[in-house]
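Going by the order they are written in, the chains are A, B, C and D; count residues from 1 in each one.
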Amino acid sequence: MTETRPTVLRARGITKRFGDREVLRGIDLDAARGDVVSILGGSGSGKSTFLRCLNLLELPDAGTIEIAGSPAPLAHDARGRARIANPRALNALRAKTAMVFQNFNLWSHMTVIDNIAAAPVHVHGMARAEAVARAHDLLDKVGMTGFAGHWPRQLSGGQQQRVAIARALATDPDLMLFDEPTSALDPERVREVLDLMRALAGEGRTMLIVTHEMAFARDVSSHVVHVRDGVIESMGPPALMFGPDASPVFRGFLSPP
Amino acid sequence: MAFSGMRAIARFLAPGLLLVLGSCQGSSAPNAHDELVIGTEGLYPPWNFTRPDGSLAGFEPDYLRVLCARIHRRCRMVAMDWDGMVGALLTGKIDVIADAVQITPERSGVLAFGRPYALTTGVIATLRGSPLAALPDGGARLDFDHRGPALDAKIAHLRNGLAGKVIGVELSGAFDTFLNQSLGSAVSIRYYRTMGERDLDLLNGRIDATLEDESYLHPLLATRDGAALVLAGPRMIGGTMGRGEALAFRPKDNALRAQFNDAIGATLADGTVRRLGLQWFRMDASPGAAR
Amino acid sequence: MIGDDVALPVLLGFGHDGWALALIAGAGLTMALSLTAMAIGTVLGALLTVAQMSRRGWLAALAQGYGLVLRGVPELLVVLLLYFGTPGLLAAIAALAGLPAPGSPPAFLTGSVAIGLVSAAYQAEVFRGGLLAVPRGQVEAAIAAGMGPFTRFRRVIAPQVLHHVLPPLGNIWQFNLKDSALVAITGLAELMRVSLVAAGSTRRPFAFFAAAMVLYLVLTSASSAVFRFAEARAGRWAGGR
Amino acid sequence: MMGESGTGESGFLADTALAIVAAVPVTLALFVACAVGASLLAGVLVAAQQGRVGGLVARAWIFVFRGTPLLLQIFMVYYGLAALGPVRHGPLWPAFRDPLFCAFLAMTCCCSAYIAEVLRAALAAIPPGQIEAARACGMARWTLGRRIVVPQMVRLALPAYGNELVMMLKSTSLASSVTVLDVTGVAQQVIAHSYRTVEVFCLAAAVYLGLTAALTWLLRRIERRLDPAGGR
């Protein structure tokens, strides 16, 4: 990764256990501003858990995270269980990231415009009029002009996901996390979301994307990461990862025998 | 997550709840300078009854106004059912009972009675057409404090006359004990919370008779509905039926009782009780009156 | 004396011998009593819900036991027990703290607490159901957006819980309103008590109980209209109901 | 009656417990009679709701009995109806004269309204496809009702119906207000003669708690047996 650009994400030794099962076994990952990192891997490999650890939706059992210069306020109690050391710092950290979920998770009791304006108003204290004006711009940007007053239940999956992306953009995050953003969509709706993500990547957004869309990963990513059994099996630029010199394990993952 | 949010709310609300509970505990502690709370039924005309506007009226509200003025205390009368009144007194809900309470031996074990301010007899009322209207010893006075063969014979008359009948009385009223002890095996007793309910069932014929104070029955018989009723059998006094109506206090409130006794003595002497009796009962019910 | 030889229209009217004002005042007191009971039940029910979902086993068991007892005993007994039991209980608490016996709380408070205690047991169930009905993913989205616990509750959880709990809360309110009639035994002049006093002293039970029924029907149907309106407002996002 | 008979604290409590337990059959008889009566009446109400005139009557019935307190309804039946000439002088007076019958009548009418709502909801919850399927294979109206609708309704209605039964069991305590000597009535009588409130009411509360727990357990068993997926 090019050293001239500032580092947005620095994760070191991320470990996570669910009961006896060790899901993440020490993952290190860096991302610089403008990087688009695709995280690939089989189901149960731990890739989604890793993503959720980065904004502390899951608390890692060990490891350190730093996002845009702010360290994650992780501490451990006497029995070694992770806990939040400082809730204020936690919210500050989360305010620098934004997440797009597989199931969109739009707040169903808010209109489209309120979904987008909620975090700026209630988390960042922006004036409502300004937040709404910006939300309208974002709606235009994601191609949902005219849907401001709709309820989430009135939208198709692809439309909901585009609104969710607008919601994620509303706080102008340093790092965007995408957790399988197209997996819950009908095949004919996948394209509209991927096109939007491609446009975001073109703007220089820093994005971490857990996905199964190989073509997208190859064409859009700056880096591709292959996670297997809770560790990074191989990583590199797509040209390398999808080229003839790729790791045999990753090749096996791409085209199972 | 939802949970932590709820906890935030709970943390916010809990002190307020404690504050409310705390403030209600501090209220209405009876002490010498506070007002006295006097319990009455408000459903026992003409002793005490509730007017449509909710105010209490009758002999006792009038009389207690006089007494409270004499002992220089602020008084407030509250209405409650008789079956809860003794409990309310003993637990401090009220300080005095003024509800035509008969002085009976059973009650004297629990309550401390003041000087009686009225003396009335109990009598049976039944529907005009009922066979009970012809009970023997009509109008004779039975004094249960003077036991003897003559009294036993008259009780036997009564037991035979009422055998198999349904008698309605107020729950834990003075006549409840008498019926239970003297006639319990011969009659079936039905209990009512308030006089009004008992009267309705008597007029409906659901019960055959009631045993009730004459001071209550005389005015009832004078009404249009009450005209269907007649008095029957002897007039009874003393024993478990009590000898006179008095205020009831908590046994430990001796000073308060002494104050009231002085005031009652004074009002008996100056004719106040007689005057109020004539006004409300159309008879002099004071203990000294020769009847 | 009273109530004798007075025509029924006069007895049910607004005049000196009429009980209309007393009945209406009684209906007002019934309303106040039920509202207080409902509020007590909401606060206590919310606390019980928190306790039930607590990770501390004994606390959850305590809340569970409270619900079982209060939902298994007749409301009438709860009212009677509280009415007769609180003065002694308060005196015992005061004695522990070395204070003089505080006497007894007014009938209104005792009655509304009694109904509120029962209401809380039912409301706790409703709140728990409402919380479980909020999709987990939407809460996660709020966390990921950086909302703290209070903002999350205020902006995301509460509005959705409200939508889910309003219909069952409406039912509980109706029960509170009708249970408040039991407080009549404490002598509090709410609607039931006034109609009983009027029926007894005028010996016109049919007329007065019928009048009370009409007033109760007005209260219950007016409040169910209010709830329907509130449900429609709180649930616009959920589509036609 | 009670009161002085016991010797000391334990004697009093034992006497009271005996008197209260002796009243359990009254409470149970009232409950069973009301449960049967109200369920049958609720069935009639639901059937009536299928027609136009009957629907109006049933709706009014449910509106009145769900919208007013049961205590008031009991007073209305016991004192209110008795004040009407046709009732007092009619052929049914021997029944109306009895407080237990009046409590039974008021409770049956009241609970039928609640149960009718439960049944109606269950009826609406039967998937229409199942009825269409039965029609498609030529089932007669009566067979359709007996084989498809009623069994489904019973299963769907049972949890809510069980709640109503528990409510009903608790409501029987209101019969004490019209001189019925059920568990609550006996408890109140003991208190009136002993002035000991808290202990006696706690005993009565324990009896009701036992009764409702037993009923809940029974309902749970029936529910499990009727659950087609369960079996356990």
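Definition applied: a residue touches a chain if its C-beta (ideal position, glycine included) is under 8 Å from a C-beta of that chain, and two chains touch if they have at least 3 such contacts.
On a predicted model such as this, the values are computed, not experimentally measured, just so you know.
**Student:** Excluding subunit C, which sets of chains remain joined through contacts?
**Tutor:** A | B, D
**Student:** Looking at mean CA positions, which chain is nearest the middle of everything shown?
**Tutor:** The most central chain, going by mean C-alpha position, is C.
**Student:** Name the chain pair with more contacting C-beta pairs, choosing from C-D and B-D.
**Tutor:** Of the two interfaces, C-D and B-D, more C-beta pairs touch across C-D.
**Student:** Which chain has its C-alpha centroid at the greatest distance from the C-alpha centroid of subunit B?
**Tutor:** A
**Student:** What whole-number Å value describes the gap between the mean CA coordinates of subunit A and subunit B?
**Tutor:** From the centre of subunit A to the centre of subunit B is 79 Å.
**Student:** Return the distance between the CA-based centres of subunit A and subunit D, expressed in whole Å.
**Tutor:** 58
**Student:** Using the average of all C-alpha atoms in each chain as its centre, how far is it in Å between subunit C and subunit D?
**Tutor:** Taking the average C-alpha coordinate of subunit C and of subunit D, the gap between them is 22 Å.
**Student:** For subunit B and subunit D, let me know how many angstrom lie between their CA-based centres, rounded off.
**Tutor:** 35
**Student:** Counting only residues that touch at least two other chains, what does the list for subunit B look like?
**Tutor:** If we look for residues of subunit B contacting two or more partner chains, we find 87, 193, 197, 200.
**Student:** Pull out every residue in subunit C that's touching 2 or more other chains.
**Tutor:** Answer for subunit C, listing residues that touch two or more other chains: 84, 88, 140, 142-143, 185, 196, 199, 203, 205.
**Student:** At which residue positions does subunit A touch at least two other chains?
**Tutor:** If we look for residues of subunit A contacting two or more partner chains, we find none.
**Student:** Among all the chains shown, which pairs meet the touch rule set out at the top?
**Tutor:** A-C, B-C, B-D, C-D
**Student:** Could you pull out which subunit C residues touch subunit A in their complex?
**Tutor:** Interface residues on the subunit C side: 135, 137-138, 140-148, 151, 155-156, 159-160, 163, 236-239.
**Student:** Along subunit D, where are the residues that touch subunit C in the complex?
**Tutor:** 63-64, 66-73, 75-76, 79-84, 166, 170-174, 176-177, 184, 187-188, 191, 197-198, 201-202, 204-205, 208-209, 212-213, 216
**Student:** Show me the residue ranges of subunit A that touch subunit C in the complex, using the header's touch definition.
**Tutor:** 55, 57, 87, 91-92, 94-95, 97-99, 101, 103, 105-111, 118-119, 122-123, 151-153, 164, 167, 171, 177
**Student:** How about subunit C: which of its residues touch subunit D in the complex?
**Tutor:** Listed in rising order, the residues are 68-69, 71-78, 80-81, 84-85, 88, 174, 178-182, 184-185, 192, 195-196, 199, 203-206, 209-210, 212-213, 216-217, 220-221.
**Student:** Where on subunit B is subunit C touching in the complex?
**Tutor:** It comes out as residues 1-10, 13-14, 17, 24-30, 42-43, 45-46, 49-54, 78-81, 84, 87-88, 91-93, 193-197, 199-200, 203, 219-220, 222-225.
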